[in-house]
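Several structures are given next for inspection.
Both of the next two complexes hold chain A, though its partner changes from chain B to chain C.
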Partner chain A sequence: MTESTPAISIDRLTKRYGQTLAVAGLSLAIPQGSIFGLLGTNGAGKTTTFKCMLGLARPTSGSTSFEGSPLTPPLFERLSYVPEKCALYEWMTGAQLLEMQRRSFRRYDEKRANDLMDLFALDRKKKLGKYSKGQQTAMALVLAFSIHPEILVLDEPAAGLDPVHQRHVLDLMIGESAGGATVVFSSHQIGQVERAAERVAIMHRGTLRLAGEVEQLKSDLKVVEATFDDEAPSLNGLSTEPSVGQIQRAGRLVRIYVKGNGDEIARKIGDMRPRSVRILDQNLEDIFLTTVGSPSPAAVSER
Partner chain B sequence: MRYTQTLRILNGLKWFSVVAVAFYAVVVGIAALTGFFGHVQHITDKNFNIPLPALFALASLVTCFFVTRFGRTLALENDEHLPLVWTRPSSRSRTALTVLGVDALGILAAFAIWMVLAFALVATFRVSQYVIVPGDAFVQLLRYLALPFAFYAVLMALTASVEGGGAMCGWAWVGAIFLTVLAASPFIPNPWHAVFNFIDFINPLAYGSFHSQTGSDTINVIGGPTPTYVAGLTPAMDVVGLTILFAIGLAAGLIQWRRLEA
Partner chain C sequence: MPSVFTVDPHSGVPMYLQLIEQVKRSVALGVLAPGEQLPTVKQLALDLTINANTVARVYRELERDGVIETSPGRGSFVRDNGGVGRATRAADDVAASAIDNAVREAKSIGIDAAQTAALFKRALARWYPEPNDVKDGRS
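What follows is the complex of A and B.
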């Protein structure tokens, strides 16, 4: 294994459930030590991708390798997974679950686990069935982080957590990555992904729509926003421009999502005598929404 | 998984022991209230005896009840716990075999608890002189130890690929009893009678029937003298049959478990 060997390589992964194509030919390379965000709408295939990666579901075709090697049980000594549904043993207490973890993993760090229990304010003596949904998620995170994993796969890790604990999760992920761990996570909270992830991939209906470094994507993609005195004119002429991704009209406002710096499009809009034209950076939410083709409810999409 | 399953088994044994003690208290209480103690201490029937294998058979049957809870462990894990179980540094087969190892100790412990209860009742009623140890007692012990293991493995095979498996275990009891009735019934014409008798070979409970008759004194456990093909086997052949069922059930359970998807 060399430093350039990706921590996780997914090669043309396809998963079908009967007639439903959950993941279609997904290929990704996740660099070592990076924080990688997987974004997608519900049913995009994120959870199925994680399950196939970790051998919890059999891919219809394609493969996944970890540091260049296929997944084997010993790898789980240094890989942690927090599933979307944290089905812990509800009849166990928090202390018993930690004991289970201690007996399963040589890397288990008791002090770390205790610190995390305190961080998330979890009661060791309480049965897990009495924990709230957020506390169960937190307990799963305690298990995951207690072994100092080298690879972390987190499926909606902050779901059900309050904002304070959501911040803790982000800090933990960033901390582990700073220590050399590779973190792959999915989240519907794009702000969190933008805050933590260095790279993202956007999936839609089982396919990969966009992947790259967050800063690079943001610098490559702009929004040209124009306001007109009256109803915004039709911009059909612009829709054939190769750099234009999506055009949204909402009353007097027009937003045009473009690849590149947007100067050319701004100039053409300027010829239509708007009240104002400005070129804005796209944030990750803009990039996500344009990639999956979902305009804001008030807007009319022309492309 | 060893720790998790040990906790499950210990909790199960705790309740099993509570039931055993409660059973003892109820039996002794009823005997004390009805004057049955005096009757037992003045047995006049010279044919009266308590064959040790009958106590084995009873303990084995009760252990099968205990096994109903634990024969579906793989199905319990399949009830949304697989992401937790399968992301441990251990193969699926090893995980399942670890569970089996713990369960095996639990089965032996349950059998032992019920034998202790049986001996406690014998001592309490002061009838130890009537307990007889036949020449094949050791083979019978093996037979009645093998029965809950075979039942466990068949339940594992039936439930390994379902979620929870509780209903399946309940139906397994209904199926086992119904099959024995069909195989033994003189009212079923051939070829169906023969068909049900052959199917009965995969029914673990069919291997456990015990019958003893001394004069007018009759003891039947788990079906007694049912006229089925399986009932005609010798105790040693029963041990072989139960061992084969155990091996096949276990293999079928493991194969399903390895092929599951979370």
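What follows is the complex of A and C.
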């Protein structure tokens, strides 16, 4: 499943809108057949990245290649993109839009499209303008998955959908990737990325802050938490350790963010006569919040 | 049909570790019998709504550990030879590590050895109410 040539590779992509640097020197490699989650706060540059990747916005510098080659029109035969804001023809009915899709794509699979319409409980006879926001998103997803795409780029694909339909979207992504397709998606719902994505990239203010395999990041990033009988001792000695990231202190409590399993740092803290020491796992939300630099309120007040 | 396994994707413990532990536990308990077929990678991924490569990794590691065997085109099965023994030992390891964590936790919050032993005695009395249970340990 892991070919040497990534399905998508983004090379030092930069996009400037006037004074605003929306994306700054982003490089990413997305392996064939994987699901890749892009996380970031609002304005992190996720949508701009997608637009530049697909030639919908002209990058200020940098490039994107698909299977080692630049984007060319034939690729759109086997690529599906669902933008964050889907603009569907409001005067068309669901059935008419499907018919248009059928005529536009040789890969269109009518049975698949009909199954998906049923899955999302979409009314074929209703005008798209009368669809709710969530139904419009679902309709865009039906179109996207109806052509058995080899590459899927989904910008907030589950926004506005109810939890059951959100789960369907994840299952669709998982099913396509198990069949060899490459999926890139952005989401604000970290839980979705945690479930579906093999790899994740965290963007913040246009730059890449962290990228890796979700499971590996969880294994590699831990928090050593210690409490002391009195004020926590100075930990200056630890801050120079290569494995140590942020150190938060709040009175008798310290939390040390470490790379690796945390055993060694826990042992060193153990020598400082703490009252308690423990190693805490971090889920993707913890990792995300640490990465985009949002320390806990307690730690802020202690600074 | 609901899957026999569950994972907590929101845990800090990687899902593949959670799943490996659960499969071993199911084999040790006989929920999965020797020779029984496991769902395909894709099927289990969809049952649990988790990444398929994560499931593929679980199967690879279970095969390496001798708990299951995979034959191309046929699928993955609980091993007839020794799969249960290996899974039982793995389940013992899980119990041992849970007890280890409990003791470490007790120590880390300043409970001394005698007090910790008393806590254990209380837990044993609760879960092994018959005196013989305690004496014999695992049969």
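Throughout what follows, the second predicted complex is superposed on the first by the 256 of 303 C-alpha atoms of A that agree within 3 Å, B and C clash if a C-alpha of one lies under 4 Å from a C-alpha of the other, contacts with A are read in each partner's own complex, and residues count from 1 in each chain.
As a working rule, contacts are C-beta pairs under 8 Å (C-beta built on N, C-alpha and C of every residue); 3 or more make two chains touch, one makes a residue touch a chain.
Small disclaimer: the values here were computed from a predicted structure and weren't measured.
Undergrad: Report clash or fit for the pair chain B and chain C bound to chain A in the combined superposed model.
TA: They fit: once the shared chain is superposed, the two partners occupy separate space.
Undergrad: Can A:73 be said to touch chain B (first), chain C (second), both, or neither?
TA: It touches chain B, and chain C stays clear.
Undergrad: Who does A:87 touch here: chain B (first), chain C (second), both, or neither?
TA: first
Undergrad: Quick check for you: in the superposed arrangement, does A:215 touch first (chain B), second (chain C), both or neither?
TA: So A:215 only meets chain C here.
Undergrad: Between the C-alpha centres of chain B and chain C, what angle is opened at the C-alpha centre of chain A, expressed to the nearest 10°?
TA: 150
Undergrad: A:276 contacts which: chain B (first), chain C (second), both, neither?
TA: After superposition on chain A, A:276 lies in contact with chain C alone.
Undergrad: Could you let me know whether more residues of chain A are touched by chain B or by chain C?
TA: C
Undergrad: Classify the contacts of A:177 with the two partner chains as first (chain B alone), second (chain C alone), both, or neither.
TA: A:177 sits against chain C, while chain B stays out of touch.
Undergrad: Look at A:34 in the shared chain and tell me whether it touches chain B only, chain C only, both, or neither; answer first, second, both or neither.
TA: After superposing on A, A:34 lies in contact with chain C but is clear of chain B.
Undergrad: In the overlay, answer first, second, both or neither for which of chain B and chain C A:292 touches.
TA: It touches nothing on chain B or chain C.
Undergrad: Quick one: minimum Cα-Cα distance, chain B versus chain C, in the superposed arrangement, integer Å.
TA: The answer for the closest chain B-chain C C-alpha pair is 27 Å.
Undergrad: Which chain A residues lie in the overlap of the chain B contact set and the chain C contact set?
TA: Overlap of chain B and chain C footprints on chain A: empty.
Undergrad: Please name which positions on chain A make contact with chain B in the complex.
TA: 51, 54-58, 73-77, 79-81, 83, 85, 87-89, 91-92, 96, 99-100, 103-105
Undergrad: Please give the residue numbers of chain C that touch chain A in the complex, ascending.
TA: By the definition above, chain C touches chain A via 9-16, 41-42, 45-46, 49-54, 57, 105, 108-110.
Undergrad: Along chain A, where are the residues that touch chain C in the complex?
TA: Within the complex, chain A touches chain C at residues 1, 33-35, 167, 170-171, 174-175, 177-179, 191, 194-198, 214-216, 218-219, 275-278, 280-286.
Undergrad: Touching chain A in the complex: which residues of chain B?
TA: Those residues of chain B that touch chain A are 1-4, 7, 11, 79-84, 86-91, 94, 261-262.
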